[in-house]
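Shared between the two complexes below is chain A, which pairs with chain B and chain C, respectively.
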Partner chain A sequence: MSSKFQYDLVALVIFALVVAFGVPAVMNYDGFELNTFARYLALAIVSMALSLSWGTAGLLNLGQAATFGMGSYAMAMHLKLRASDGLPDFMGWNNVETLPWLWVPFESLTFTLLAGLLVPAFIGGLIAIFMFRARIAGVFVAIITLAFLVAFQLLFINQQGLTGGQNGLTGLAQMSLFGWTVDPYSMGFYNLVAGCLVVALAFGVYLTHSKFGLILRAIREDADRARFFGYNVASYQTLVFCISAALAGWAGMLYTLVLEFASPTYMSVSFSLAIVIWCAVGGRESVIAAAFGAIVVNMLEGRLSDVFVEGWHLILGVIFVLVVMFMPRGIYGLLSDSVRKIRRIRRTRDQRGVETFPNT
Partner chain B sequence: MDVIANQLFAGLSMASILLMIALGLAIIYGAMGVINLAHGEFVMLGAYATWALQTYAGIGILPALPLVFISVAAVGWIVEKVVVQNLYHRPLDTILATWGIGIILQQAVRLGVGAESRFVKGPALLSGNTEIGPLIMSNYRLFVIVFSMAVLAATWVLMTRTEFGMKLRAVIQNRAISECYGIEAKRVYSITFAYGAGLAGIAGALITPLFSTIPTMGTGLVVDAFLVVIVGGLGSLIGSAAASVLIGEATAIFSIVINDTLGRIAVLAGIILLIRFRPRGLFPTETRR
Partner chain C sequence: MKRRDFLGSLGAVGTAGMLSTPALLSSAGRAFAQGNDIPVGLLFSLTGAVAVVESTLHDAALMAIEEINASGGIHGRQLRPIIEDPASDPATYADRARRLMIRDKCVSVFGSYTSASRQAVLPVTEQRNNLYWYPTLYEGRECSRNVMYGGAVPNQQQDDLIPWAIENFGPRFYMIGNNYVYPKEENNYCKTLLKQYGGEVVNEEYVPLGHSDFSSVINRIRSEKPDVIFATVVGDSDVAFARQYHAAELDPSKMPVVSLTRSEVEVKAIGGEAAAGHFSSAPYFMGHATAENEKFVEAYKSRYGADQVTHFVSEAAYFQVYQFKAALEKLDPANITPETIRDAAVGLTLNAPQGEVLIDENLHTHLWPKIGQWQTNGQAEVLIESKERVAPKPYAAYPGQSCTGQGLVKA
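This part shows the complex of A and B:
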């Protein structure tokens, strides 16, 4: 374990250096390009959040987009209130007379930041308790979270006066953090998002290598055996679900800052499955690989959609099917397998060396 | 009273469509434990095949049904041979792979035919309504209800009264032992998958006059149909039928009591509760896996 931990630390440092210094240099410090890349980094956080629950604990959460959306809307509500004096414009169109009580606390930035983390964690926790107390596992976790996601998105679109319905929340102000107005096309903002990603990854690496992560992997391999050893499986699963949801909420907040709007499409089934795709392509077993997968797929999407305006979805589908069939552990699996193979070759060569000189 | 009766009929009509889609899914899921998220795209292919036959060959919906069945079944057979067959030992990965196939099929249709919605004329024979007192029923919807029950019956006969059905049930119960008795499990799986896909194609053909035909029509349908299968119980035909009536009627009734969207949310919440407390569905079949 310790050697793997070292590998992960090295990977994390390289990843952080590339993201912090390499990418902006390649992008020529261009505001637009940096904003695009900051979008990928925000999505990398959701992907790595999914890898915690899916890769480490074996719980395939198809509703990750719901918690992402909650964070995104929390941030958007705050920015919308700051952009409008009094009532946000869309509420007037929906005949809402006074500011709904749900919106009032979002005047405060501190509350918003806390809500963006804690509301998803709380809702994720409720669903987790609901499922895992009944020892729901495998496919049924995927189905319940998927059904929840569909219901949640419908509810959001339905409550037009509260959420802006199908249009989402647009015309947002720029966030001001300690007197610094956050311009999404600036180097400072890029550093903020990159910093968030690196912190989230460091936390994820720590978590997967801690005793908590070890128990989660034990549960993934055989929940009953973990239970017989006296571990309370349901509470471990609930906790990892909460953490994953909070991270997704965090990513959602950053995503709103990047794109300067929040839309119910963030909570769609296809977006949720896209997160699963990124995570699978990178490798669900490692948080860094999952984040890398999100960045690679999104970059590819950006480049391919420039070249093949119509057909890139098709290419993405083909890549994904090939990954599932031939690289079930993603890019990470490919790397770790080849590392193991090289080691084995080296070991056999060393042994042969010993055999030729038996008495020296 | 009139409103309720008409709403109940609408619920039944929806149930019949759900049943048609869910049947294929239930067979595939029951037989091989594969969650086929590309099923909605098979429905979509069926709808487009019907549109193409009507527009370019002048064949109406009803005579087109066998052709649609065969062509979509062929697509399903290819998908099974190329992709799904390699994933039987990894059931969670089939969700992902079939979703990828769904994306491919959807985009292929969008590129080939275009994203705008297509319309298919219903058969002239079945236009008009049947009225019983205040209850007004469209003949075409009545036909779909009857037809879905016929498909259910045919599937039941196929599963219980034919040699193929016997082989399939043997493979479901114990693949290794049935292979020892000379049943080619791989072939049984391929045919089952193709049959399920063909049923989805027929469902797609039948819903063309009721829904607008667009490349993304399958995505919404597959979630609903899958919930029907889970609620009905693993691979149980009767369960799927009961669950589709239950979900269709519940949606219809909730949508007059509350409103359309909140009604759907209420049904989804009910389904989540049901899966929580009866994860094996309403009518679980006793099989050893």
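This part shows the complex of A and C:
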């Protein structure tokens, strides 16, 4: 256990160094490349959030995109209000006369940042309470969260006067944080996103190696046994669901800053499934691996679509199929298996040394 | 590939990412020869939900580019199309638009069918002061100085249509559209016209995008007995609507569907039998008889197949490339930037397949509205053609606001 913790810490430090110094240097501090990579980093946060609930607690949340979208819209609402004098333009199109009460508090950045974390956590918690009190597990968690996502997106698109409908929220202002105007093509912005990712990962590593993480793993392996030991399984599951939702909301806020608009496609089923794929490719058992998976897949997607304009989807699909077939535990599984193999070889060699000693 | 080889190469990809190998991280395209050719972006979805329509826009624009190159380019310089596939996803549009405008340094990008994708591209276009050529009809109420709008805005589709429909069929309109901003805006404008010409709205209804069961809508239409079905249903929804309307045996000669969105593409999917007798309002129909159009249709069919159709958006995707060419020809070859192209394009006239079009100083296009009636062969017979070119008024439904050469002006 403790050696695993050490491995994770080393991996985290390497990851942080590469992201903070290596990547920008390779990209020649070019604004466009940094912006593109910042997008991958924001997506890495939502991927690591999923790995907390899926990998650690065994709860496959197919509704992750909904909480991501909530964060993204919270940020977009704030920036939209800052960009428009009075009523945001799309409300006029929908014949809305006065600013809806739901929008009013988003004038404040502090409220927005809190809402981007707490609203997803609250909604996620609500669903979690319903599910886990009823001891729903396994594939049914996936089905319920997926159904929630579909219903939520539909509702969201239908409330055009509030949400901008299918077009989402566009024409946003740039965020200003303590007097610093956030330019999405700057090194400063890249550092902000990278910093958020590293903090989120450090939190994730801490969580998975804490007692809380241990109990979650116990629940994943056998919920009934954990229950017999006296643990309140539902509240542990609910808590990890909330944390994962809040992290997804955080990622959503950053994503809006990167792309400068919020779209209901951020809450689509395909986006939610994409998150699952990143997580699976990287390895759902480790938050760092899941984040790494998101970066690798998105980078691969970017490059493939650049090189093979036609058929890049097909190539990507084949790669995913192969990963699932040959590396069911992702890149992380591959690494940890090889580490184990090396250890075993060493151990047998050592043992042989001990055994052969008396004979000589 | 052997399993071990695959794993090896996958591991290599992984480590490459971890070690930040330049090949994967930094753009391979950095070394583009800036040389003599002119880079232009093509940003139409070739995969995903809207690919059926958008790939035809891609085809039309690419055909125009290759025609121009075949006839010697612009000032002897070839156009170099850089093709991206944004896969019908707004976030991917934003990402690919960044690539085209920032990394590939395109002087213009042609792209988009849906408003959602155009708006996803807007932030980077405006921030980088690039030029985005958007060929689709849309809801208006936008006045960007960085977008060339090639399609119709509400006043260009409805000013002739509404009085004509009232006169020929009656004043009671049933509005059916998909639930997003385009149908709502068109209906807003339609209501102001109805008020003016003494029409009325018997029902205004919106179904979700992609909605395909219209039985309750058709029941309501049956009981309301409107004179005109004013439709702004798009894509697959429109196909389903038209088929079910036909199956319900509602008579187009008594209760016609008058659509702003139904083109040859949709009719091809609906089937000529079910579409026949209904109407569409658009600046272009494939059957429009002009020499330019015959040339366009023939070239398109011989290139992409005899069963392919041209329609009012692909026509604009095609002529916008020629507008771009005409603008560049006015410019000093040493001074080609998105901004100079835009300024040179204002006031340009061009013989497009639909007729002679003109670029307004508000960057929208003066067009030739037509009303067509669909025939069983899947083509429209043009019944009414406006006598003069109609100016674009993207803020027509909003008195006191107008889009001018200086951007949006509020009175």
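Going forward, the second predicted complex is superposed on the first by the 358 of 360 C-alpha atoms of A that agree within 3 Å, B and C clash if a C-alpha of one lies under 4 Å from a C-alpha of the other, contacts with A are read in each partner's own complex, and residues count from 1 in each chain.
The working rule: contacts are C-beta pairs under 8 Å (C-beta built on N, C-alpha and C of every residue); 3 or more make two chains touch, one makes a residue touch a chain.
All of these numbers come straight from a predicted model, not from anything done at the bench.
Looking at the shared chain after the overlay, A:N158 reaches both chain B and chain C. After overlaying the two complexes on the shared chain, residue contacts for A:F32 are found with chain C alone; chain B is out of touch. Judged by the touch definition given at the top, the superposed model places A:H313 against both chain B and chain C. Once the two complexes are laid over each other on the shared chain, residue contacts for A:T348 go to neither chain B nor chain C. With both structures placed on the common chain, the touch criterion links A:S210 to neither chain B nor chain C. Once the two complexes are laid over each other on the shared chain, residue contacts for A:S235 go to neither chain B nor chain C. Within chain A, the residues touching chain B in one complex and chain C in the other are 154, 157-158, 270, 310, 313. For chain B in complex with chain A, the residues that touch the partner chain are 35, 83, 86-87, 90-93, 95-97, 99-104, 106-108, 110-111, 219, 223, 226-227, 230, 261-262, 264-265, 268-269, 271-272, 275-277, 279.
Residue ranges of chain A in contact with chain B, taken from their complex: 60, 130-131, 134, 136, 138-140, 142-144, 146-148, 150-151, 154-155, 157-158, 269-270, 273, 276-277, 280, 310-311, 313-314, 316-318, 320-321, 324-325, 328. Interface residues of chain A facing chain C in the complex, by the touch rule stated above, are 14, 18, 22-23, 26-28, 30-33, 35-37, 39, 89-90, 93-95, 154, 157-158, 160, 165-168, 170-172, 259-261, 263, 265-266, 270, 292, 295-296, 299-300, 302-303, 305-307, 309-310, 312-313, 322-323, 326-327, 331, 334. Across the complex, chain C meets chain A through its residues 3, 6-7, 10-11, 13-14, 17-20, 22, 24-29, 46-47, 83-85, 87, 89-91, 94-96, 98-99, 102-103, 114-116, 119-120, 122-124, 139, 141, 179-181, 184-185, 188, 208-209.
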